[in-house]
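In the part that follows, the structures are each spelled out as structure tokens.
Here subunit A shows up in two complexes: once beside subunit B, once beside subunit C.
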Partner chain A sequence: MARAVTTRRKTINTIAAWAIGLLIFFPILWTILTSFKTEAQAINDPPLFFFFDWTLENYAIVQERSDYMRYLWNSVIIAGGSTLLGIVIGVPAAWSMAFVPSKRTKDILMWMLSTKMLPAVGVLYPIYLLFIKLGLLDTRFGLTIVLMLINLPIIIWMLYTYFKEIPGEILEAARMDGATLKEEILYILTPMAIPGIASTVLLNIILAWNEAFWTLNLTAAKAAPLTAFIASYSSPEGLFYAKLSAASTMAIAPILILGWFSQKQLVRGLTFGAVK
Partner chain B sequence: MYLKNALCAATALTLISTTGAFAETLTIATVNNGDMIRMQGLTDDFTAKTGHTVEWVTLEENVLRQRVTQDIAAKGGQFDIMTIGMYETPIWAANEWLVSLEDLPASYDKDDILPAMRAGLSHSGNLYAAPFYGESSMIMYRTDLMEKAGVSMPDAPTWSDVEAAAKAMTDKDNEIYGVCLRGKAGWGENMAFITTVANSFGARWFDENWKPQLDTPEWKEAVSFYNNLLTSYGPPGASTNGFNENLALFQQGKCGMWIDATVAASFVTNPNDSTVADKVGFALAPNKEGVDKRANWLWAWALAIPAGTQKEAAAKQFIEWATSKDYIELVASKEGWANVPPGARTSLYENPEYQKVPFAKMTLESINAANPDSPTVQPVPYVGIQYVAIPEWAGIGTAAGQEFSAMVAGQQSVDEALAKAQANTAEEMEAAGY
Partner chain C sequence: MATQHSRSAARFMMAPAVILLLGWMLIPLTMTLVFSFKKYLPLRGGDLGWVGFDNYVRFVSSSAFWPSVQTTLIIVGGVLLITVIFGILLSILLDQPMWGQGMVRILVIAPFFVMPTVSALVWKNMFMDPVNGLFAHLWKAFGAQPIEWLSDASLFSIILIVSWQWLPFATLILLTAIQSLDSEQLEAAEMDGAPPLARFGFIILPHLSRAITIVILIQTIFLLAIFAEIFVTTSGAFGTRTLTYLIYQRVLESQNVGLGSAGGVYAIILANIVAIFLMRIVGKNLDA
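What follows is the complex of A and B.
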């Protein structure tokens, strides 16, 4: 009897999980479907679901009109670079807060998080002027630094939470055995926190990849990443939804594939330490 | 020996500088509209003629506006040419942000630019942006539905004609709506349309002392008419419909009439996208009986050079190329006359080939009927037909647009919307020191 209840509950849970999953995935699915329609089919009423003449025409047009690889390469460098730089700064910062906290550690953590509460547009003009002075406008380096700074509070917070789960005694034991600070962080702490670091890296790559405020405002022709590629297909005077969908699909495909393959790691990292 | 070396160095330097001047790379900011995309595809012709190459930064209209304003105000120097509209040109020219285009060569034939366009893109009599394409607004209507309903549309209708036709064609059970109009909030969305309706009812935004006039009977009559027309005979959810939404509805055969930009004519008559391509008629935008102004606007997407660019000469060459008569010929030879950028040059409308395009005549008449220097029957201190060419307008227009959109959605009455828009406008203008 008990077994039957469990199975029923399991079924309900599975159906609920699939329903929620599909609901969340639906806008992406719709974008992908629209990218294979003609412009007339894209605005058809009632909307066409699967039964239409699938076409690759939009992808061909987008390929012909834009240098996709250049945008992609900029996205890879900016998202990867900012995350890497953030981790290099975030690991020692999180280590010190987790293992040698001071009286003000909690305040510092809160202060760091509070920078995320400021609307980005509030600092757009100062940063824009600074970029002009430093010659960083429309450079991948400038954008990497800005995105790293924006995501740094999240990186430090996530790493801090993971590090807190690691027993300090293990690090103490390493110190007893004569490990230096560098060795302690590199050979003891980092390997133990790999799942946490991995999920931090993945989440930050996704955040940096999707970032559309700074990437649109601080770039023009040279450093523009995939967000600018999508924006260039949006039109207020003309119905180009199918082409816009094709451009969007091409822009999100790499990150979607990355997320798909690393979902185990991502879930494990995000729930790390949730159950004691 | 010394002399020889010096000569060699001088020759090398001259060569470098000549090559440098010859092969510039221009960065051009533009919008993703059909005519602009076509221009991007034809850039090779410009490169072949001048040696200069072009890098395009294509952005969505609102993003473009924000980006280029920010760049020009902060002197970021990101762009050598900017695609700007009729609203920005006189304001930016007054700020000395743009390079004058008065010295373009005689072969460019500046006098060929349609007078209304030239007036809207000039400041103190000098041209500061060259029109790439221009538009007005007009009525596009379904000839088959009109016939079925037993009504006809004169070439120069009044609002009463429009209302009667809308009523006769509306068949909500079959999802046919008599008229589709803009309802989506925004100074360039519903406010562009509502302002032209107000003009055609004899209303004006400001009196000669910059006092807002939204509390006048003319405004009340205009907005009440618009609200009644759209809510009685328009599609459901009209308060969120902008150009694209109405275009989709019209192409699917759900609108009896649509009053909007003349550039829409080439979309709705294109058989690849439109289900009603061969059933569309055109008429001038309407007016109220007795009011000598029609509800048609004037807009141009134009190319301008920001002051301070290092590549002014090459930028001028590009503008000369892209807005020339030769460019129009080039597009016509590759894509047909229906696809050339409209509304910029007089000679285009004198061309017998172009006169065969069904919407050519009505587009020209609509543009000619618009005068940005005198947008209303009463005197006004501002320039602009569907906008007021002052920097504060974007904020004022958008705030008013939200009130009118809420009105169409049924959230407030005409009086409430007008009172709020009047109060907000008065406050903004006072804060701006008018």
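What follows is the complex of A and C.
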């Protein structure tokens, strides 16, 4: 009897969850579908769902008219570069706090976290001014540095929580056996830390890819990544839904795929280890 | 067990991160603070000298200030209410046994990975457009007059867009928390005849309280700072000018840096008040 109830319940759960899941996913699905329509089909009333003439022309037009690849490349450089830099700076910091903690470690961690809470708009003009003075406005280098700095606290925190889970006894044993600091890091710590570092990289690329305050305010034509490119569609001329959809689909596809791999790490990273 | 040698090595390894973050925090913050006490109009005369607390007084006494505070509170409050309530319900549902659980989870969290400018533009044009939007088609199908969403129901529209982006975050965190709940406890309550509502109220909700607090605090910090969603939909028109957006307009659009910086200092203080509570929870977790 218990089993029968379970099956019925399971069916109801399944139907309810799928209905809600599809509803939430619908705007993304709709964007993807629209990207394969002609402009006339895109605004057809009643809306066309699957039965239309599938076309790839929007993708070609977006690339041809707007040099889409350049924005994509900017996004890749900025998100990838800021992540790489952040890891290079973050790993040693997180390592030392996790394995050689001092009285002040907790304070330093909390202080780092507090820099993440600083509202960007509060320092908008100073950064803008510094960027002009240093010739960094509308450069990929400048944006890479800023995105690295805003995400560095998350990188360090995430790495710290991962490193903390590596048992200290292993390190002590290595030290007993006469391993130097360099050997300790290279042969013992690094292999154990790679999964944590990989998750951190993944989450950070997602955050940097989607960042839309500094990328909108510190770039113009040259260094604009996809966030800024898409924003340029906000004042459209004529029919453009299908092209907007094609551009949007291309902008979100890589991150959707990366994101699906990083669900679990997302929670840890965004709650600073408070929920695991 | 740390030796003197490893201690100094540790300090050395921490130095780049600490110095960079210190610079990132102190330099712009000091500049904002300095500007906020000056009459500073880059396009109309530049630095026009010290004015004391003038900018602070003028920022709060301008006619745009209180409406922007109200808008901010409505948007942040509305999004929190929607994402937390639906997040709890959704996470409980997703925790139940079902077919294709992993796939549903993917569908539900997908909006979180969509960049803010894309989600704002897709909603604005393809759903909320009063002529060609999907909602307009739907309304017309039922013989109703399509709504001009972003001008007539602007706040509701922004709340809807932002909630769609943040519901996955709330759901994912609450789901993670629910999954750490001891299922024996729930089964025992069920055996003892506790109705579903009582199980929810006395077991699930108290268990989730910490996660809910974290969701509220983290989201508040991010929601206070939403920018792109307003930038590409209404540009602050139709009563959607939040405090963040007002400061942005003062600083970059009207280039009144002194006034905008004073606003920035208010925003920093506001964010810090929320941050203190969040840090306390996170800090406790560090000791454990």
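Everything that follows uses one rule, which is that the second predicted complex is superposed on the first by the 214 of 276 C-alpha atoms of A that agree within 3 Å, B and C clash if a C-alpha of one lies under 4 Å from a C-alpha of the other, contacts with A are read in each partner's own complex, and residues count from 1 in each chain.
Simple rule for what comes next: a contact is a pair of C-beta atoms (placed from the backbone, for glycine too) under 8 Å apart; a residue touches a chain by one contact, two chains touch by 3 or more.
None of the values given here were measured: they were computed from a predicted structure.
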{"item": "Touching partner for A:Lys10 - first (subunit B), second (subunit C), both, neither", "value": "second"}
{"item": "Touched partner set for A:Pro27, first subunit B, second subunit C, both or neither", "value": "second"}
{"item": "Which of subunit B and subunit C A:Ala224 touches, first, second, both or neither", "value": "first"}
{"item": "Contact breadth on subunit A, by residue count: subunit C or subunit B", "value": "C"}
{"item": "First, second, both or neither for A:Thr139, with subunit B first and subunit C second", "value": "neither"}
{"item": "Contacts of A:Ser234 with subunit B and subunit C, given as first, second, both or neither", "value": "both"}
{"item": "Touched partner set for A:Ala40, first subunit B, second subunit C, both or neither", "value": "first"}
{"item": "Subunit B versus subunit C as contact partner of A:Arg65, first or second or both or neither", "value": "first"}
{"item": "Which superposed partner A:Ile108 touches (first subunit B, second subunit C, both, neither)", "value": "second"}
{"item": "First (subunit B), second (subunit C), both or neither touched by A:Gln265", "value": "neither"}
{"item": "Set of subunit A residues, in rising order, touched by both subunit B and subunit C", "value": "43, 45, 124-125, 128-129, 216-217, 228, 231, 233-234, 236"}
{"item": "Residue numbers on subunit A that touch subunit C, as the complex places them", "value": "6, 9-10, 13-14, 16-18, 20-22, 24-25, 27-28, 30-31, 34, 43, 45-47, 89-90, 92-93, 95-97, 99-102, 106, 108-110, 112-115, 117-130, 149, 152-153, 156, 168, 172, 175, 181, 206, 209-210, 212-213, 216-217, 226-228, 230-231, 233-234, 236, 241, 244-245, 248, 251-252, 255-256, 258-260, 263-264, 266-267, 270-276"}
{"item": "Contact set on subunit A toward subunit B in their complex", "value": "38-40, 43-45, 65, 124-125, 128-129, 132, 137-138, 216-217, 220-222, 224, 228, 231-240"}
{"item": "Interfacial residue positions of subunit B with respect to subunit A in the complex", "value": "27, 29, 31-34, 37, 40-41, 55-63, 66-67, 70, 74-79, 188, 242-244, 247-248, 251-252, 254, 261, 263, 267, 272-275"}
{"item": "Subunit C - residues contacting subunit A, complex", "value": "1-2, 5-7, 9-11, 13-14, 16-18, 20-21, 24-25, 27-29, 31-32, 35, 90, 93-94, 96-101, 103-119, 121-127, 132, 134, 137, 140-141, 164, 167-169, 172-173, 176-177, 211, 214, 218, 221, 224-225, 227-228, 231-233, 244, 247-248, 251-252, 257, 260-261, 264-265, 267-268, 270-272, 274-275, 278-279, 281-283, 285-287"}
